[in-house]
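Shared chain: chain A. Partners: chain B in the first complex, chain C in the second.
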Partner chain A sequence: MRAVLSDAKVLKLSMDAISNMIDEANIEASEAGLRLRAMDPAHVALVDFLLPAGSFDEYECGSEMVLGVDLDRLNTILKRAGSADSVELRADGEKLDIVLHGRAKRRFSLPLIEVGDEELRVPELSFLAAVEIEPKLLSEAIKDVEIASEHVTFACDQQSFRISGSGDLGSVEVEISREEAISFSCEAPARSMFSIDYLRDMTRAGDLAESARLSIGNDIPLKLEYLGSASLSFLLAPRIESE
Partner chain B sequence: MGVQLGELVRAESIELRALSGRRIAIDAFNTLYQFITTIRQRGGEPLRDSKGRITSHLSGLLYRNSNLLELGILPVYVFDGTPPEQKRATVAERDVRRSEAEAEWAMALQAGDLELAKTKAMQAARLSSEVIEESRRLLELLGLPCVDAPAEGEAQAAYMASKGDVYAAASQDYDSLLFGSPRLVRNLTLSGRRKLPGRREYTDITPELVRLEAVLERLELSREQLIDLAILVGTDYNPGGVPGVGPKRALSLIKKHGSADRAIEAEGLKADFSVEELRELFLRHPVTEHYTLRWVAPDREGVLRFLCDEHDFSRERVEKALEKMTPRSTQRSLDAWFS
Partner chain C sequence: MQTWVEKYRPRTLKEVAGNTSAVSEVARWAEEWRRHLPEKRALLLYGPPGSGKTSTAYALAAELGCECIELNASDWRTREVIERIVGTASRTGSLKPGRKKLIIIDEVDGIHGRAEYGGLAALRKLITQSSHPIVMIANNPWKLPADFRKLTRMVEFRRINQRTVLKVLKKICQAEGIQADEKVLRIIASASSGDLRSAINDLQALAEGRKKLEVRDAEVVSIRDTEVKIFETIQRVLKTGSIDRAVDAVSSSDEDPSTILSWLAENLPLEYRSADDLALAYSYLSRADVFYGRILRRQDWGLLRYMIELMSAGVAVAKKQKYRGYTKYRYPEVFVLMAGRKGEKQKFKALAEKLKESRILHASSREIEQEYIPLLMHIASNPAHLAAAIKEFGLERSHIELLTGSKSSAEKAYKSAMKAEKTSKSSGRQVSLGEF
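Let's look at the complex of A and B:
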C-alpha cells in the first residue's frame, strides 16, 4: 500500500479525534481506500472513518491488508507534519512508514501491532430527527454546555434543535432554529443525553467537513457524521436518566 | 488463596464503565477479607470506631458499592456456606499462619518496626462472625442483594453467571473459572495503585476481564482438563498439588496425557489425593437455585444511623457516598443496541 496526501489536514484532524478515544485499531487498506472501524474500550463509542482512494493524490493498494496501529503513536507522528508538508503512507506486512515531504524528507517508521479483531456490527436505530449544521456551531455549543455540565442533552422538535446541560453550577441551552440548519427533519420530538467527554473528542474533527449531521432519537445512540472528502462518523451510546 | 493460574491466564484489561448496566456476583468473603487486610493505618491497626470495633469492612463496602452503583453496575454479594470436607487442611493451615502472624505483629510493634507490623497485621487478619454479620446488615441497608451459598461462594457465583442471571463472577481468585463461570472480573475497583507486599513499590491496578472460553481456547484445553491442571498445581482442596509441578509443567503434562490421573500414573508422580473426587468437587459443587436478585434504593436514614451513629463515620462522607449511589443518569454501552 502506498498513499500520498498533499494536504494532510483531514487525516490529521481525524486521527487527533479518534486517538483520544481509541488506543489501537486495525486500519483496512483496500482498493477502495483506507478504513478504520473500532469501538473504544468501554464500548460507548464506535468510530467509522473512511479515506476513499479518490481523496488521495496518489493511491495504490495491490492486495487488501490489515494494519494494526497504535493510534496514539500515529497521531504523535502526524502532528509533526507542518501545514505545507505532504504526507506519504507506505505499508508492508511489518510496519507503516509515514514520510513527511517538505524542505526535508522525514521518514517515520511505526511497527504494526496485532489488534484483537472484534466483529463490529452496526445496530439498527430508529432515529426521529436528523439535523445538519455547521461543524463549528456544534463544537462551540459543546464548549458552552461544558461550562455548566458534564452531560449534554440533544433535543429536537419541529421548530428547533437544542443542545443543553445543567448541573450544580447552573444551566446552559444553545438553540439552533430550523432556518439556521443546513438541513432539518423531525418526525417526532426526540431527546437523548450524552457524556460531554466523548463529544468533546468527536467534535475536535469538525474542521474536516462542511457540515455535521446529527441523528437522534429517544434514549438511543447518537449518530454524528462529518462528510467531506473523507467521511468520519461516530455512534455514541446515551446516558439514561434514572426515574 | 485459590488456585495459582495467573501465569497461564490472559486477562483483558477493561474500564470499569464497560460493565455499566451489568449484574456482577461478588465473592463476599474474598472481598471482605481484602478490605480487612488492606484498609489499615500505619502500624497495621484496622479502622475502629470509638468503642474499638473494627470498621475497615464497612468503609470498604460503602465506598466500593458507591463507586459501582454510580457507574450503573449492579453488585450481588455471594456468601460462603459450609466449606467442603476437603478444604479442612487448608483452613487449618491458614489458621496456624494467622496465629503466627499475630504474634509477629505484636513483636514488630514492640520493636517499633511499623512497616513489618503492617505486613504481619495483614497476614493475621481474620473474618470474624461480627464482621460478616455487620457487612450483611450494611449491604441490606444499601439495598443490595445477598445470596447464601450452600458451600463455596465462588461456585454459587459461577452457577449464577453460567445461568445468565449475572454477567460475571468477581473475585481475586481464579477458582470461579474452574467452577464454570463464563466470565471472571478481577480488580473490581476503580483504577489505582496497590502497594506490592513487603516492598516500597506500587503497581497499577486496573480491572480485568477473564473469559473462560478464551482461556480454554488459548491453552487448547477442555474445562475438565483445566480443572485437572489446577489439581496438579494444587487447589484449596489439595494444597501443594503434586510436589514440584507448577502451572507450566502441569499444562504440558495435561497436554501429553490428557488428564491428571493419567499423567500421575504415566509419570509415576506422587499424589496423596483422588483426582476423580476433586474434579467432581469443581464440576458438581453444591449450589442453590433459590435466590432473588433485587436492587432497591438505599435506606438513607438507616445507613446514616448505622454508620454514623453506631460506628462514628463522618456524616458528610457517608452522605456523599449515598448521593453517588443514586446517580441522575448512567452511561450505557453500545452493546445494548447490538442484537
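Let's look at the complex of A and C:
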C-alpha cells in the first residue's frame, strides 16, 4: 500500500480526535481507500473513519491489508508534519512508514501491531431529528456547556436545537434556531444526554468538514458525522437517567 | 595542602593577635631564661580554643631561634614516650651546636587515663630537671592536679575580640589576593565567638578556589554556621589520637550524634588514607550505628554512651598514623538523597492515609504503607487492573503517578479510568452501544 496526501490536515485532525478515544485499531487498506472502524475500550463510542482513494493525490493498494496501529504513536508522528508538508504512507506487512515531504524528507517507521478484531455491530437506530450545523458552532457549544457540567443534553423540537448542561456550578444552554442550521429536520421532540469527555474529543476534528451532522433520538445513541473529502462519523452511547 | 592557620601562624610574639598582656608575660619569662634558670621552668598557657596559645608558643620558639621539640596530643604520651622524646632532648644538646631547644607540649590537660599512664609523673620529673624551657598548653588547666599546676607558671589567654579577629581575616584576604566584602568577614568573625582558629578555618573553607567573597556568600556562612561547628567536631575526632579528646569532641557538640555519625561516615575516606585504618574506623562506626539502632528501637538512651564512644574514640584510635594537613570535608550525601526521597515518602504516607480513610483495607496506615502499597504498585503495572484499582480506591492522578512511577502512563490510565468512572457518577448511567 502506498498513499500520498499533499494536504495532511484531514488525516491529522481525524487522528487527533480518534487517538484520544481509542488507543489502537486496525486500519483497513483496500482499493476503496483507508478505513478505520473501532470502538473505544468502554464500548461507548464507535468511530468510522473513511479516507477514500479519491481523496489522496496518489493511491495504490495491490491487495487488501489490515494495519494494526498504535494510534497514539501515529498521532504523535503526524503532529510532526508541518502545514506545507505532504504525507506519504507506505505499508508492508510489518511496518507503516510515514514519510513527511517538506524541505527535508523525514521518514518515520511505525511497527504494526496485532489488534484483536472485535465484532463491530452497528445498531439499528431510529433517529427523530437530524440537524446539520457548522462544526465550529458545535465545538463552541460543547466548550460552553463544559463550564457548568460534565454532561451534555441535546434536545430538539420543531423550532430549535438546544445544547445544554447543568451541574453544581450552574447551568448553560446554547440554542441554535432552525434558521441558523444548514439543514434541519425534526419528526418529534428528541432529547438525549451524553458524556462531555467524548464529545470534546470528537469535536476536535470539526475543522475537517464544512458541516457537522447530528442525528438524535430519545435516549438513544447520537450519530455525529463530519462529511468532507474524508468522512468521519461517530456513534456515541447516551447516559440514561436511572430510575 | 597547608592550612591557613599554619600558613599565617605568627612568626614573632609581636605578631600574635590579641591577648597582649599574656604574650608579654611569656616574653618576660623567656627573658628570664636568657639570664638564669627561672624559678619555674615550665609555662602553662591556658584558655579557650583559638585564643592564640599554640601560636604564642611557636612564635616564641621562632623568636628565640629555638629548635622545637613537640609532643602533640595525637602522640601517645605514656611515660616511656615522654621520657624518650622529651627526656633525652632535655638533657642532651642540639645537633646544631649552640642552638637552644623549646619543648612544646600541647593539650597537657588531656594526659591522663590508662593509655597515657604515668605520663604526668614523667612530665613532673621533666619539669623539675629540664635545662630547656618548656611550654605546655591546655584548654582547661583545672583538670590537672593542683601540685602539677604549681610547678608551672600559668598564663591565661582569653577569647580574642571580634575586631581583632576581623583584622586578621582582612590581612589573610589581602595576602591571598581575595576581595572580600567586609560584611562577610564580619559574619565569620562574629560566628567564631573569639576563636581565631575556627574563624580562619571558616574563611579558608569559604574562600577556597575563589577570588571574591560577596555579600550573598555571607548568607551561606550564617547557614553554614552549624556546618562549621560540625566541621570542627569531625576534624577533632579525625585528627586526634586521644580517646578523651575524641569523646569530648562529640559529646560537647550540639549536633545530634546520628548526624555526626553520618558526617564521619562521609568524610572518613577523605582523611584516612590507609586502607587498614579506614576499615577499622568503619567497623567502629558501624558498631556505633548498631547501638543507635538499639537506642531507637528500645528508646534506651543509656546506650548512647556506647554509641558516642565507638564513633569518636573508636574512629580516633583506629588510625596507626597521623594524617596531617587540611582536609576539606564534605556535606554527607546521604542527607541530600534523603531530602530527595522525603517528598516521595510523604506522598506514600499520604496515600496510605487516604487508603486507611477509605476503610476498604481494614488496616492501619502503617500496615498499608508497608504491605499494601507494594502490592498496589504491582497491580498498577497492569493497566486493566489499575483501572479497577482506581475505581475501587478512588485514587487520584497523583497517586497513580506515584504507583506507576511514570507521568505519561499515569495520565493515560487515569483518563481512561475516569471516563469509565463517570459512567457510574451522578446524573444518568452511561450505557454502552451494545445495548442498542
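Criterion: the second predicted complex is superposed on the first by the 242 of 243 C-alpha atoms of A that agree within 3 Å, B and C clash if a C-alpha of one lies under 4 Å from a C-alpha of the other, contacts with A are read in each partner's own complex, and residues count from 1 in each chain.
Note that contacts are C-beta pairs under 8 Å (C-beta built on N, C-alpha and C of every residue); 3 or more make two chains touch, one makes a residue touch a chain.
Owing to the predicted nature of the structure, the values given are computational and were not obtained by experimental measurement.
> With everything superposed onto chain A, say whether chain B and chain C fit together or clash.
Aligned on chain A, chain C clashes with chain B.
> Name the contact category of A:S185: first (chain B only), second (chain C only), both, or neither.
The answer is neither, since A:S185 touches no partner chain.
> Taking the superposition on A as described, I'd like to know which of chain B and chain C A:S160 touches: first, second, both or neither.
After superposition on chain A, A:S160 lies in contact with neither partner.
> Counting only touches as set out at the top, which of chain B and chain C does A:S229 meet: first, second, both, neither?
In the superposed model, A:S229 contacts neither chain B nor chain C.
> Is A:R239 touching anything from chain B or chain C once the two structures are fitted on A? First, second, both or neither.
A:R239 contacts both chain B and chain C.
> Can you tell which stretch of chain B collides with chain C among 74-82, 200-208, 272-280 or 290-298?
200-208
> Intersection of chain A residues contacting chain B with those contacting chain C?
Overlap of chain B and chain C footprints on chain A: residues 39, 41-46, 121, 123-125, 151, 193, 195, 220-221, 235, 237-242.
> How about chain C: which of its residues touch chain A in the complex?
Residues of chain C touching chain A: 412, 416, 418-420, 422-423, 425-436.
> Can you list the residues on chain A that touch chain C in the complex?
Residues 23, 39-46, 121, 123-125, 150-151, 193, 195, 197-198, 220-221, 235, 237-242.
> Contact residues on chain A for chain B in the complex?
39, 41-46, 121, 123-125, 151, 193, 195, 220-221, 235, 237-242
> Residues of chain B touching chain A in their complex?
Residue list for chain B touching chain A: 14-15, 17-18, 20, 326-339.
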